[in-house]
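The structures come next, written out as C-alpha cells.
Each of the next two complexes has chain A plus one other chain: chain B in the first, chain C in the second.
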Partner chain A sequence: MTTRPVIRAARFVLAHVPDLVYAGSKPRRETAARGRDVRAQIRSRLRTFREAVAYAPHQVMIGNQAPEALWDLPRPWHLHSPAEAPCEGPAGAVVDQPTFYAWLARADTARLIRFDEAFVAEAGPLVRGADLATASPDALRSAVASGAEPIGDPDGRGIGVLLPGHAQDESLAARVLLENLATKATGALALRRLLDGVAGDEPVDFLLGCGEEAVGDRYQRGGGNLAKAIGELAGIRTAGGADVKAFCAGPVHALIIAGSLVASGLHRRVVVVAGGSLAKLGMKFLGHLASGYPILEDVLAGVAIDVAGDDGRSPIINLDAAAVHRVGDGGAPHQMAAVLTQAPLRARGLRLSDVDRFAVELHNPDITEPAGAGDVPQRNYKMIAALAAQAAEIDREGIPAFVRRHGLPGFSPTQGHIPSAIPYLPHAIAGLTTGRCRRVQLIAKGSLFLGRMTEMADGASFLLERNAG
Partner chain B sequence: MDLEEQDAIRRVAESGARERMLVLLGTPTAGSTLMTALTLSQGDPSYAGPLAGIPLGLPSYHILEDGVREAIPPDVYDREIGPLEFVLDKAGIVTALEKVRTGTPSS
Partner chain C sequence: MVDLRNKLVLALGERDGIPGQALQACAESAGARVVYVATQCFV
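Our next item is the complex of A and B:
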C-alpha cells in the first residue's frame, strides 16, 4: 500500500550555552594563537539567557514570530529586542545552560564526564536520578593536564571535565566526544519536544539523523547512526535509525528519503533529527567583536521533523517535484539554482512565480555580515529572481519585488545543517494549513568540497504542497 | 587576487607570452574588477604581491561586457553565464574597466 507523505510538525530547540563558546573551533584556535585574552574578549560580550531568548531571530525559530516580521525590524536585530520574551513557542524552545548540562549528563552513557562536586550539589533536581561520577577541583585540573576537556569556561567555573574515550584514539579525543555529546543532547531535546507535543501515542518507526558530526572511533571515524543514540536518550524504544550525510544539504535529503520510506509503506512514521554543532559556536566572533556586537553564535540548535502518512490536513511532500544535484550537473550558482528550483517546477508545469515561498539557506545576516560573508539568503533569492527574469516571468526591475514576495529574511543560527531551509518548516506548515499558501519549495545546498574529496557542491529540494484533503 | 596567482601570471608573461595574453575576468563586483584589472595592467596597487611595481600592461575584459558576449555562441553563454547578468552589477563593472583603460582609476 502506498500513501502520500506529509510533514506534520517540526520542532527546534536552541540550547543557550555561552560557557561553551570557548570550545568552538574558531575561539579555540584564536586562543591557542593569541592567548587567554581572547577568552576575556569573548566573555565581555556574551549574552545572558534572557537576551538570547528575546533575540528576534530566536523568537522566529521557536515560532512566536513570523519570519516576515524581521523585514521591518531595524538591524542589527540585537539592538531591538524586547526586555522579555517567552522561552517557549509553538515551534520549540530556548533552553538554558543548566538544562543543557543536565541533558549532557544523561547523554554520557560511556560515563566519561567527571562532574565538579559543587555543580552536582547545586544542580540538584535537574540531574536527579542520574548516576554521576564526581571529582574534586584538584582531580579535575589534573585530568585536564592529561587530555580531558573542560566543560564550561576554562578560566571560570565549569561543570567538570570530559575524559578521552581512549588514550591513543584521535577520533575519541575528549574535544571530539564533547562535540558529539552536545549534538546528541540537543538532538534528543528537540526529539523529546516533538513527541511531547505531537502524536506522542503513535510509535516512531524510524529515525533519520541528518547532522554533520562524525561519530565513530579510529577505524570508522564517521561510523554514524547518531540517530539511534538520540532516540535512546529521548526515551524512544520503537524506532530503528540511520544517518544521512550530505553536509548542509543533509536535512533536505533526509526529508526526501523519509517521505519515500513513508510513501512506500515501509514505515508509517519517520522522524528526521539532528543536534547542534559545538564546533561552530563563536565561528564569526572576530567580526562580531569588531562590529561591537555580542557573540551571536552562542546557541546549539537541535531539530526534529515528523514525517507520516497522509492525514488529510498536513502539507504533502511532493516526491514528483523532488530534485537532487547530480554529478554531471553544472556547479555555478545559477546552474545549481536552476537544477534545484526551476527544473522540478517545470517538470510539473509550474513557474517559479507559482511557489508562494522559497526556503533556502536561512542564515541570520546579522551573524554573517560582520564576518564578510554577506547576506546568504538574499544572495540566493536574487539568483532565483534572476532565473524568473531570464524566463520572462518578471522583468529585470521586478527582481527586488520578487525577492520580497517569494523570499524570506534569514533568521537561523549558523549551525551548519540547521539553516538549510528547514527553519521555515513550522511557518510553512502553518501557511499551508491555516494560512493561504499553496506551495513552498525547500532548497538546500552543501559544500562537499570542504572535505577535500571532490570539488563538487551538492544540493537537494522538494515541494511542500497544501493538502486538499 | 592572491599572491600565488600574481606570481603565476608574472611567470607566464615573463616567459615571452605577454604579447599573446589578455585577461578575461569573471569578478563579481565593480571593486574586485577594478583591483584585478589594475594589478594586471599597472602592477599591484597594494604593493604587497609579486606584481608590485611590475606593469604587465595586460588588457582586461569582463565576461559580462557586450563585446565579449558577442564573441561567444549564444547557447554556450546562456548555459554558462545565464542569469548572472541580472544578479551582478554589470554597469558598475563596465565603468570600472573603462577607468582602468583610460588610466583614471581613482576618479
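Our next item is the complex of A and C:
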C-alpha cells in the first residue's frame, strides 16, 4: 500500500553553550597559535542566555517570528533585538547551558565524564537521580594532563572532564567524543521536543540521522548510526535507525529518503534527526571580534522533522519533483542551481515563478559577513533569479524584486547541515496549511570536496506542496 | 588585461562563486601554469 508522504512538523533546539565556544575548531587552533589571550578576548564578547534567546534570528528559528520580519529589522540584528523574548516557541526552544550539560551527562553511556564534585552538588534537580562519577579538582587537572578534555571554560570553572575512550585510538580521543556527545545530546533534545508536541502516542518506526559527525573507533571511523543513539537518549523504543551522510545536503537527502520510505509503505512514521556541530562554535569569531560583535556562534542546534503518511492537511513531499545532483552534472553555481531548482520544476510544467518561496542555505549573514564570507542566501537567490531572467520569466531589472518575493533573509546559526533549507520548514508548514502558500522548494548543497575524496560538490532538492485534502 | 602566458597561478575557488577547477581551466587556456588549485567552503 502506498501513500503520499507529508511533513507534519519540524522542531529546532538551540543549546546556548558559551563555555564550549573555546572547544570549537577555530578558537582551539587560534589559542594553540597565539596563547590564552585568545580565550580572554572571546570571554569578553560572549552573550548571556537572555541575549541569545532574544536574538531575533533565534526567535525566527523557534517560530516566534516569521523570517520575513528580518527584512525590516536593521542590521546587525544583535543591536536591534529586544531585551527579552520567550525561550520557547511553536517551532522549538532555546535551552541554557545547565540544561545542555544535564543532557550531556545522560548521553554519556560509556561513563567517560568525570564531574566536578562542586558542579554536581550545585546542579540539583537537573542531574537528580543520575549516577555520576565525580572527581576532585586536582584529579580533574591530572586527567586533562593525560588527554582528557575539559568540559567548559578551560581557564575557569567547567563541569568536569571527558576521558578518552581509548588510550591509543585517535577516533576515540576525548575531543572527538565531546563533539559526538554534544551532537547526540542536541539531537535528542530536538527529538524529545518534537515527540512531546506532535503525535506522542504514535510510534516512530524509523529514525534517519543526517548530521555531519563521525562516530566510530579506529577500525570504522565514521561508522555512524547516531540516529539510534539519539532515539535511545530521547526515550524511544519502537524505532530502528540509520544515518544519511552528504555533508550539508544530508537533511534534504534524508527527507527525500524518509518520504520514499513512507510512500512505499515500509514505514508509517520516520523522523529525520540531527544534532549540532561543536567544531563550528566560534568559527567566525575573529571577524566578530574585529567588528565589535558578540560571539554569535555560541549555540549548538538540533533538529527533528516528522515525516508520515498523508493526513489530509500537512504539506506533501512531492517525490516526482525531487532532484539530486548527479555525478555527471556540472558543479558551477549556475549549473547546480539549474539542476536543483529549474529542471525538476520544468519536468512538471512549472516555472520558477510558480514557487512561492525557495528555501536555500539560510546562514545568518550577520555571522558570515564580518568574516568576509558574504551573504550566502542572497547569493543563492540572485542565482535563481538570474535563471528566471534567462528563462524570460522576468527581466533583468526584476531580479531584486524576485529575490524579495521568492527568497528569504538568512537566520540560521552556521551549524553546517542545519542551515540547509530546513530552518524554513516550520514556517513553510504554516504557510502551506493556514497561510496562502502553494509550493515551497527546499534546496541544499554539500561541499564534498572538503573530504579530499573528490572535486565534486553535491546537492538535493524537493518540492513541498499544499495538501488539497 | 593581465597577460597570463608563462605565469604561475594559484587558483583559489569558492563553492558559491567560481570553483577552483573553472579558474584552472581559464588560466591554463590563457597560457598560465596552475601550480595549486583548491575550492573552499566558508560556511
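Quick note on the criterion: the second predicted complex is superposed on the first by the 469 of 469 C-alpha atoms of A that agree within 3 Å, B and C clash if a C-alpha of one lies under 4 Å from a C-alpha of the other, contacts with A are read in each partner's own complex, and residues count from 1 in each chain.
Keep in mind that, in the parts below, contacts are C-beta pairs under 8 Å (C-beta built on N, C-alpha and C of every residue); 3 or more make two chains touch, one makes a residue touch a chain.
Everything numeric in this text was worked out from a predicted model, so none of it was measured.
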| field | Three-chain arrangement built on chain A, chain B and chain C clash or fit | value | clash
| query | Where does A:V6 make contact in the superposed view: on chain B (first), on chain C (second), on both, or on neither? | reply | neither
| query | After superposition on the shared chain, which partner residues are touched by A:L450: those of chain B (first), chain C (second), both, or neither? | reply | second
| said: A:T368 in the overlay: touching chain B, chain C, both, or neither? Say first, second, both or neither. | reply: second
| said: Is A:A188 touching anything from chain B or chain C once the two structures are fitted on A? First, second, both or neither. | reply: neither
| said: Going by the contact rule set out at the top, does A:G331 touch chain B (first), chain C (second), both, or neither? | reply: second
| When the two structures are overlaid on chain A, which partner does A:I399 contact: first (chain B), second (chain C), both, or neither? | first
| Which one hits more chain A residues, chain B or chain C? | C
| said: With both complexes overlaid on chain A, does A:T414 touch chain B (first), chain C (second), both or neither? | reply: second
| task | Just name the clashing stretch of chain B against chain C, choosing from 9-17, 45-53 or 63-71. | result | 9-17
| request: Overlap the chain B and chain C contact sets on chain A and report the shared residues. | output: 332-333
| task | Can you check the complex and tell me which residues of chain A touch chain B? | result | 330, 332-335, 338, 382-383, 385-387, 389-390, 396, 399
| query | Inside the complex, what are the residues of chain C that reach chain A? | reply | 15-22, 39, 41-43
| remark: Residue positions on chain B within touch of chain A in the complex are 79-84, 86-87
| query | Considering the complex alone, what residue numbers of chain A touch chain C? | reply | 248, 331-333, 361, 363, 368, 371-374, 376, 379-380, 414, 416, 419, 445, 447, 449-450, 455, 457
